[in-house]
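These are the structures, in structure tokens.
Okay, so chain A shows up in both of these, paired with chain B first and chain C after.
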Partner chain A sequence: MGRYLRSLREFWSSSLAIELEYPANALIELLSVLGNLAGSVVVLALFYGRGHGLGGWSWDEALVVLGIYTLLDGFTSTLLQPNLGAIVNHVRTGSLDFVLLKPIDSQFWLSARSFSPWGLPGVLAGLALIVLAARRAGANPSLLTLLGTTLLLLCSALILYSLWFVLAATSIWFVKVWNATEVLRSTLVAGRFPVSAYPPALRTLFTLVLPVAFLTTVPAEAILGRATIPWMLASLGMAMVSLGLSRGLWRHALRYYTSASS
Partner chain B sequence: MAIIRARGLGKCFRVADKQPGLGGTLRHFFARRLKDIPAVKDVSFTIESGEVVGFLGANGAGKTTTLKMLTGLIEPSAGEVEVAGYRPFRRQAAFLRTITLVMGQKQQLIWDLPPLDSLRVNAAVYGISEAEARRRIDELAEMLELGEELRRPVRKLSLGQRMKAELLAALLHRPSVLFLDEPTLGLDVNAQVRVREFLADYNRRTGATVLLTSHYMGDITALCQRVLLIHQGQLFYDGSLQELTQQLAPYREVCCDLGAVYPPEAFRGFGELESLAGHRVRLLVSRDQLTGTISRLLLTFPVLDLEVNDPPVEEIIGRLFREGAVA
Partner chain C sequence: MNRTLRLARVLLSVQYAYMLEYRAEIALWALSGLLPLIMLALWSGAAAAADLSLSPAELSRYFLAAFVVRQFTVVWVIHVFEEDALQGRLSPYLLQPLHPFWRYLAAHIAEQATRVPFVLAIVLAVWLLGAGASGWPPPSTWLLGLLVIHLAFLLRFLLQSVITMACFWSERAAALDRLLLIPYLFLSGLVAPLEAFPPGLRRLAAATPFPSMVDFPARLLSGGEVDLLGGLATLAAWMALLLPLYLLLWRAGLRRYAAMGA
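After this line comes the complex of A and B, so read on.
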């Protein structure tokens, strides 16, 4: 365990060093986060400004959902994009060879090797929005609620990570799967709004097939004090199943890895 | 003690069989036709601990595929392989700690950072304490003649410096079995010699086993007492380099600098004309006629300088493959 923690520290400090080699990038990323957030708030304001609601959610409650989306999007930019986005390249160029020959879990290496600090503003902005909006929505969460919400947020992150990793792992067979991860990222955008705002067919899709509902709506309900035990258990189950699936699939995929020839 | 053992090793790749052109592309997209291509067939050998063995063969002969099976990157389709007592494809941590793979055309160092940062990562992953890592880095850096280069971003290093840093990164965990795939690829002659000297030195100091592929025969002749020659996926020769050259090349190469320029026909009857460039001529002469031919050469031409060599090994092996003597 100590070896993994120390590896993680070295992974992230070296990634930080790489990012700081290119300081101009920092500013661009920061602007893009703020731009995205502003865009989302404007879209939301358009809905409410004209007296429309979203699936029975008040303006402030919907902002909580948006906050969670922003938080997850920041997490995506910090960890998922830089790591899982690189898997396809590892497979294509054969540099996966070096990863597989290290005496460390290859899924851990591939999932945690890089760290991009430019997603952190998104994480912070998301957190701020959640706290602010939940307050205005009149939420007065108890310690238990907060713990539950944190757990559900962890589940969201795990589900998102696992889905993404599964898609990236299929690159062992299909080599180029950038399109598939693009689709995933745009589906996540659907999580900006409460899932009840969508027509029933999409709602089912977003709950059972692409678990967008678990990503943002379920944790938002938790912090607003509306969580139900079945939904929480479902979320936890979903997280465990998708994590298990990602590990199983990765092991299976490696049997088919042929490595790029030289 | 045998440290590498391969018995009946084979690997088939399933590859797409695509016809050229748009029609072929469309057909390929909708109904992918696959065919099995045997890359390695029934290869058996053992390597003793501490040996330096050269792995020879033309492009696509199956060298890299074999190397990948030995390191556990790909699973053999047939046969058995054992390295240091482990089954490579299981990739147990203990096995991975005893081996290393260096690939001339791929790199593990982080491109934008100095090699030292990559070395820190490797030390953490292999669980080498910081003090110990520093000691090993100093030792290897001295052997490799690397100094402040370790503090410069990898992208600013020359190819030779980068390769040496790659070697350092690959050896930090003190592996006892080294797999080197074209470790001197693209290096200039000086850098090649330095890498070779380092590998020989490393083998002497640590008793590590080395299996190396190279296109540069100089690497093989300088380092390997023994070679494995692989052709079309099959092991064609296993033995000493010297015996291979004698067996395959009952010739010697005679190089002369002449006082005048002669047409190629002038050398008829003096063995096989290998090359003729201005005043310099190179002839392949069979060993039993060597002395007779040389004295005739000296009598016939104004010879300024004369040299007799073994023909270069790549010449011999190229000739072997071209003439289909391997079938």
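After this line comes the complex of A and C, so read on.
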């Protein structure tokens, strides 16, 4: 365990040093986060214009969902994109060989090697929006609610990670799935809105197949004090199952890895 | 003339063969453009849709058309160019008596050709599920729509090519694409038909090239009311503005090209 923590510190400080070589990217990312957030708020406002509602959620409550989406998107840019987006290239060029030879768990190495500080503005903006919108929605969370919300957000992050990892791991079979993970990113856009705003068939799809509901709607309900035990348990279960799935799939996939030679 | 035709044929057939190799991932890419359909699901259930001048059937036809437009106007030249410039692959291209612009354009057109079956399958599925069941525009509209989609693609390709020239000045210019994507997403009509926008925002959108890329072709394709000549003139005007800018930047950038890599 100590070895892993020490490695993690080395990994992240070295990638931080690389990323800081490109300070202009900080500005681009900041503008991109603000622009995306402004655009999403405007689109949401279109649905709420002239006193209409969306899926039974009030304007402020829907903003909490948007905040959680922004937070998770920032998490994606910070850890998932730089790490799991690179797996495809490791498989294609054969540099996965070197990863497998390292005396450290390969899934850990592939998932935690890089750290991009440029996702942090998104994380901060998301947190700010969640706090602001939840307060305006009249939420007065107790310590227990806060703990529960944090737990559910952790579950969201784990589910999101597993989805990304599973998709990235399939590149062992389909060498050069250019970036299958981009598909995920664009489909998860659905999480900007509360899941009850979708037609029933899609709602089922977004709960069971592509767990968008667990990513944003369930934690939002928790902070608004509307969480129910079954949903919390389902979220926990989903996180455990998907994490286990990603682990199992990786072990299985490695058996098919044939390396790439030039 | 003969040379041009031969060049075009060879470039396109080579790129088409290359893209066919990756048809599995192009299917995934086709899935990644589902945003208009997700938005259709939201709008069809939203109370705010009642305020629009579009009937529910027109709305679903609009978003279905926007989906098709999006599929055939995907542009990624900035990412490929960044890699080519960084790894020095651009150098041999520069030695050939053909502007690299054409090579990238051919790759995009070839990729669109491989996309056709997937897009048809998705459109058919959505259509069978009930959207747009109320009749389909006549063939003349269809053909005109296809032509305008190609013009919209050219405009988007040109716009991104202009931004791509930043690769000569920075090693991480592809990040600029994230910024370019924001107005494209929110002002083009992908997430909501433009008449849902408040008047001020609508005027702002009309002052940018983005509505020409989705709103105009989608409206035409879905058989809605559209100012054909005005739309075509806008497309032409933007292209006339961007093309000289591109050539100017290309010349200036080429002088800075350091031919990194092997």
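For the reader, a short list of remarks on this structure follows.
What we mean here is this: the second predicted complex is superposed on the first by the 260 of 262 C-alpha atoms of A that agree within 3 Å, B and C clash if a C-alpha of one lies under 4 Å from a C-alpha of the other, contacts with A are read in each partner's own complex, and residues count from 1 in each chain.
Please note the rule applied: a contact is a pair of C-beta atoms (placed from the backbone, for glycine too) under 8 Å apart; a residue touches a chain by one contact, two chains touch by 3 or more.
All values derive from a computational prediction rather than experimental measurement.
Partners chain B and chain C, once the complexes are superposed on chain A, both fit on it without clashing.
Once the two complexes are laid over each other on the shared chain, residue contacts for A:F98 go to chain B alone; chain C is not touched.
In the superposition on chain A, A:S259 makes contact with chain B only, while chain C stays out of contact range. When the two complexes are overlaid on their common chain A, residue A:S7 makes contact with chain B while staying clear of chain C. Remark: in the superposition on chain A the angle formed at chain A by the CA centres of chain B and chain C amounts to 80 degrees, rounded in steps of 10. Set against each other, chain B and chain C differ in how many residues of chain A they touch, and the higher count belongs to C.
Within the superposed three-chain model, A:I28 lies in touch with chain C and out of touch with chain B [touch as defined at top]. Per the superposed model, the minimal spacing between any CA atom of chain B and any CA atom of chain C is 6 Å. Looking at chain A, you'll find no residue that touches chain B in one structure and chain C in the other.
Per the touch definition, chain A reaches chain C in the complex via residues 22, 24-25, 28-29, 31-32, 35-36, 39, 42-43, 46-50, 52-55, 174, 176-178, 180, 182-183, 185-187, 189-190, 193, 197-199, 202. Listing the residues of chain A that touch chain B in their complex gives 3, 6-7, 9-11, 14, 17-18, 21, 93-95, 97-98, 100-104, 109, 255, 257-259, 261-262.
Interface residues of chain C, counted against chain A in their complex, comprise 22, 24-25, 28-29, 31-35, 38, 41-42, 44-48, 50-51, 170-172, 175-176, 178-179, 182-183, 185-186, 191-192, 196-198, 201. On the side of chain B, the complex with chain A involves touching residues 13, 64-65, 68, 71-75, 91, 93-94, 96-97, 99-101, 103, 105-108, 110, 112-113, 117-118, 120-121, 123-127, 153, 181-182.
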